[in-house]
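Below, each structure is written out as structure tokens.
What follows is a pair of complexes built around subunit A, which joins subunit B in one and subunit C in the other.
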Partner chain A sequence: MPWRTVLVLAPAAVVVLIAVFGPLFVPYSPRDVVASPDLAPGAQHWFGTDSAGLDVFSRTIASTQNDLLIAVLTALVATVAGIAIGLLVGMNESRRGILGLLARALSRALDLLQALPAVVIGLVLVGFFGASIPSLVVSLAFILTPNQARLVRTEVLRVRGEAYLDAARMAGDREFVLVLRHVLPNSAWPAVENATLVFGSAIVIAGALGFLGVGLHPPTPEWGNMIAVGAPSAAAGRWWSALFPAIALALTVFAMSAVGRRLFGDDQ
Partner chain B sequence: MLSGRKRTWSRVAALALAVTVAAGCATSANSGANGGGSDTLTIVMPDTSITWSLDNGFGGYEPGNNINATLIRKPYVPSSQAGTFQQDVYKYEPYLADGYTVSDDKLTYTFKLRPAKSAAGNTLSADDVLWSFERKFNTPTALAPGLMAPSITDPAKQLKKIDDQTVSFTIPQAGLGATFLALMADLFGQIYDSKLLKQHVTPDDPYAVKWSAQNPNYGFGPYTVTNYQPGVSVVLSARQDFVLGPPPIKTINLRIVADAGTRANAVKNGDAQLAESVTPADTDALKSNSAVTVPKVDNPNTYIMLPLVTNKAPFDNVQVRRAMAYATPYQQIIDNVYRGNAVRNGPGFLLRNAPGYDGSGFPDYTYDPAKAKQILAAAGFPDGIAFHLAVSAADPDTVSAATQIQTAAKAAGFDITIDQMPAAQFAEQRSNHTSQAFILRDYAITLSPPYELMVYTAKGSSNNFGDWEYQPFYDAVNAGNALPDALSSQAGKAWNAAERIYLDQSPIVFIAQVQPSVTYSAKVKGFAWRSDNWIDYSHLSLG
Partner chain C sequence: MTRHLWWLRRLAVLPVHLVIFAIAVFFLVKLVPGDPVRSLSGGQTMTPEQYEAARTALGLSGNVGEQLLRYLHNVVTLDLGNSVANGTSVATEMKTRLPQTAELAIIAMIISSILTLLVGFFVVLKPKNIVSRGLRSYARAAGALPDFCLGVAVIFVFYSVLHWAPAPIGRYDSLLNPPPRSTGFPLIDAALSSDTALLSSMISHLWLPELVLVIAFAPMLMKLFIRSLGQSVGAQATRFRIASGASRTTVALSIGRRALPATVAMFGTIFGFMLGGAVIVEQLFAMPGMGEYAVQAVTRADFIALQGFLLVVGGVSLLVFFLVDVINMLLDPRRRPGVTVEGA
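This part shows the complex of A and B:
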């Protein structure tokens, strides 16, 4: 493997390792009050404690698992759903009849969803479904699927005019088989490439929802929640409880985006 | 001659210079306005959805309380902290009325009105008093009927105009007198300018409630609203013709600042002179700053409390409720969340300085996880019990307190899941009693013992936090109400007996009394704690 690729993949690998094994090695319980509140970073509490007396280092590490889980599941759901919707819309929107009508309606619905601020949609959905990892994943996937679908749709519009599709039809392939065998492999790649960006967006939006108080319930370790709890303290000079999770969030998004860019060849 | 590109850059530079100079001027101008001279005070507060009177429903009433006035009021007396005042909640002094007299049977209270002027220039009359109460009791959104019962239930029958400057109120039981007077001194008893409001009634709005929601200057209070931008700012100007004389501070600028840390910093940096709803951590950090005052009063009436909703498991079981009272880390919450800016004077809700109060026979609720575990086992839960605890995301101190409880109660066998929710959703579960338990800060404005005992326990009330209705308790309260004087030592024993039942049944775990969440510049004098926890701007001055 080229050293450059190793260099790009290494931070992401570290993040994954922290997510998997980090919670096993944290010095304190990330959910329990372990010391006095607002202790500055020091030998006992490396990143200090927050305003409730929770250990910021343990929580920053433990958050990686929750945030990564949310982001991976969201990227998976949004990409699969985006590909399915993109195929459906792309193949049918110029048709007559009920299927064409449905495809066009779906296309306009995607436009509408993209016009709304993601955090506002997230606030409504999490308010409706409740704050848990599954509901956050559903909400984030709902927010991030339209973009995936539009990427696939655009590619489907190009692919569906290709001669090999006509050849397959003349060979007797049914429409469903034709889409599965020929259209899907040739039009899904933009959504797959974009999955790492969806991953990063999921972490950022989950963080924003946590910051607004509708993320995972406290004291579940999650970077957005931690930033929300730490922000008022930061304004008063107690910077550590917001800064460390913010750095962790930024580095994770950066590491995962770098992987995407490297794997799909647009990063030199 | 300049080339085109050079000319463009020169223009950009000139524009930048102009903007910088303008910004500099604006900054200094703003400093003057924000920082205020000796007659201007800037207050930063969160968005409390300012509501000008109780007739418009729930909201932030502090500005409204400074533009309206009542017939009597609770006097301000010095607290133990030099320079800080507090209300004597069992005495009353003249305000819009010269005072009151009581009939021999202790049922009729007669008020002689002063010739006070409203913000619109009209003179106070008995008709204003009668019409104000008519409006309070005939407006669907008004809160007075629920809050003034049983002292006042039918103003048309209970209020009487003796002459243009004299009115009387007749209450159904002599024992309700203490509560009645307290209500008349609180915002429930505000009197409006009926001459002005009657000019704006319509068939759809027979008491001009909708009109007055947008036009707040219909009161007899010390200030008048001169500028109001909802969610942004309010400017109040002192009234020169106020019945008690012009207030020392001529202009009050209220600025809505969402972030608590920024509010604290505004006072620290001199951009504002008073900050409200400051977090305990920021208050603690500012204690050592000589330019800032953190007020401390002798007997704050704000409580942090943990209602245990009795209409569903597990808190439908009184033993589980008692176990929770022993699983709550009281001192840890006082130390870690309120940084010592709270106090636990006992397990109850009645203020200890209430006449006749002795607190005897109350359960000794302290953090004792072993005892809690024992009670849980006896109740049939030897392996512990799980429940959800609702908290409002808008109140960081209660979220933090919930975290302390979650950690500490594990040792007693309670497995708590914290349900953090937006403020509106929290308010809904609070009124509908849908959660298993929740944690909040709240207070009784009217501090008469029977009112305090019933404020969270009244039958069928959305304010009955624990949805707890217990006849022996109501009988005990009624026994107190039947006595002629609610503040006598005999009545004190009755309230004590009722509170003993209240605490033994433990529908609410009263955790601690919390100090005012206010900080202000050391230049500000005359801060007075009030039972409604709002600030009386007319009592403030700048040194």
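This part shows the complex of A and C:
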């Protein structure tokens, strides 16, 4: 493997390793009070302690698992749902009758959903469904699926006119099989390429919801609620309890988008 | 007749969108698990009559069709129900809080637009300048740091370290009285009243949150505008202007006018981001507004308040998109409904 690719993929691999094995090796418990509050970073506590006395380093490392899990599941759900919806809408949009009407209405609904701010949708959905990892994944998927569906729909509209579809129809393929075997592989790739961006967005939005206090609740380690707890400390001059989770969040998003850019080409 | 009324077609679609959106919200609330009466009563035992009365009070009597019609009627008459937590009318709260949040977002949009115009023209007219290069990279880094991280960093730098900003608590100094309500927008109300201490306190409390919003979201506009300007500079129309001897100002203005539509099209989306950012900034700076209301509603599982919140934000967003579309159609006649463009 060329060394450049290794260089780009390494940070993401490190993040995944931390997410999987990190909680096993942290020096202190991420959920319990272990020391006096507001200790500056030092030998005993590498990232210091927050205003409740929890070790920031252990919590930052342990949060990686929760945040990454949410983001991976969201990216999966949003991509799969996006492909399914994009296919549905794209293939049926110009049909007459009830199917076409439904497809066009769904298309409009997706556009309207994209008009709302992500944080607002997330707030309301978490308010309705609670703040556990599954409900967070559902909420984030709601926010991020419309864009995936839109990308796939554009491709489907292009692929519909291709000759090999007519050839398959003449050869006797049923419509459903045709869609699966010919349309899907040729139109799903924009959503798959975009999946790393969905991943990054999921981490950021989950962090924003955690920051507002409506994501995973403390003491569950999660970067968003760590930053929320650390914000008043930062206003008082104690920068460490908010800075380290913020850096971890930014680095993870950056590492994953670097992987995406590398695997799928740079479109800047 | 239709030549000057092209915007009517776009206007006609707005209520349709609003109704579809309201219906979608209705069905979303229907999806919430659990029986609302049971969760609100906290599991106390109720007689069947009490149960029915509670259901009627929540608007849940009748079948889905009747509920939907009643709900739509309420939405149209702006009756958003009463909060389940404290019984206050949701619509009344929104009347106070919406201008507060909207003010944050609108000021940020105005500042970002001005900055985008200035930076865009500067970067394109003087591309080799070192400042230009710096601004270009800043614009490209758009969206790298989430707004809440940026907010905490900004508070730390400008309040804790430099003491240039007052404590991030509220819209104005807690010793001062609130402004008398005339427009509902706090800053305008303070300006209209003769209370200069209040006005200056508000401005000093406002610049830091606005800084956060502008730094977080202006780069997206700038990136787009710089790219559009670059394309516009190399276009045939520009060369025609220059060749026909137009003044430098006229050429610059024509470049700008052709580059604006793509950027203005993003205005609606960016305003949406600003609204979301305003919710976060309100939390960060302990300002009253819709963000505070929504977060409280989530912690209390107040689904009527959340429904009202979603309807109001959705309505505002759709309205903003409509306005953005009309402005864009004013700028670029080719985008008006019913216009066919031949050739390139």
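In the analysis below, the second predicted complex is superposed on the first by the 266 of 268 C-alpha atoms of A that agree within 3 Å, B and C clash if a C-alpha of one lies under 4 Å from a C-alpha of the other, contacts with A are read in each partner's own complex, and residues count from 1 in each chain.
Just so it is clear, a residue touches a chain if its C-beta (ideal position, glycine included) is under 8 Å from a C-beta of that chain, and two chains touch if they have at least 3 such contacts.
Predicted model, so just to flag it, every value in this text is computed and none were measured.
Undergrad: Looking at the overlay on subunit A, is there a clash between subunit B and subunit C, or do the two fit?
TA: Aligned on subunit A, subunit B and subunit C clash with each other.
Undergrad: Pick one for A:249: touches subunit B only (first), subunit C only (second), both, or neither.
TA: After superposition on chain A, A:249 lies in contact with subunit C alone.
Undergrad: Please work out whether A:127 is in contact with subunit B alone, subunit C alone, both, or neither, and reply first, second, both or neither.
TA: both
Undergrad: Counting touched residues of subunit A, say whether subunit B or subunit C comes out ahead.
TA: C
Undergrad: Answer with first, second, both or neither: which of subunit B and subunit C does A:53 touch in the superposed model?
TA: First partner only, subunit B.
Undergrad: A:234 contacts which: subunit B (first), subunit C (second), both, neither?
TA: A:234: touches subunit B and subunit C.
Undergrad: Should A:208 be classified as contacting the first partner (subunit B), the second (subunit C), both, or neither?
TA: Touch partner of A:208: subunit C, not subunit B.
Undergrad: Go through the superposed model and pick first if A:193 touches only subunit B, second if only subunit C, both, or neither.
TA: The answer is neither, since A:193 touches no partner chain.
Undergrad: Taking the superposition on A as described, I'd like to know which of subunit B and subunit C A:38 touches: first, second, both or neither.
TA: A:38: touches subunit B, not subunit C.
Undergrad: Should A:119 be classified as contacting the first partner (subunit B), the second (subunit C), both, or neither?
TA: It touches subunit C, and subunit B stays clear.
Undergrad: Which subunit A residues come up in both lists, the one for subunit B and the one for subunit C?
TA: 127, 212-214, 231, 234-237.
Undergrad: Show me the residue ranges of subunit A that touch subunit C in the complex, using the header's touch definition.
TA: 105, 108-109, 112, 114-121, 123-124, 126-129, 204, 207-208, 211-214, 224, 227, 230-231, 234-237, 239, 242-243, 246, 249-250, 254, 268
Undergrad: Show which residues of subunit C lie in contact with subunit A when the two form their complex.
TA: Checking each residue of subunit C against subunit A gives 17, 20-21, 24, 28-29, 31-33, 140, 144-149, 151-153, 155-156, 159-161, 167-168, 268-269, 272-273, 275-277, 279-280, 283-284, 291, 294-295, 297-299, 301-303, 306-307, 309-310, 313-314, 317-318, 321.
Undergrad: Under the stated contact criterion, what part of subunit A meets subunit B in this complex?
TA: 31-33, 36-38, 51-54, 127, 131, 212-214, 217-219, 229, 231-238
Undergrad: What part of subunit B is in contact with subunit A in the complex they form?
TA: Checking each residue of subunit B against subunit A gives 259-262, 264-265, 279, 281-282, 285, 332, 335-337, 339, 391, 393-394, 396, 399-400, 402-404, 406-408, 410, 417-422, 425.
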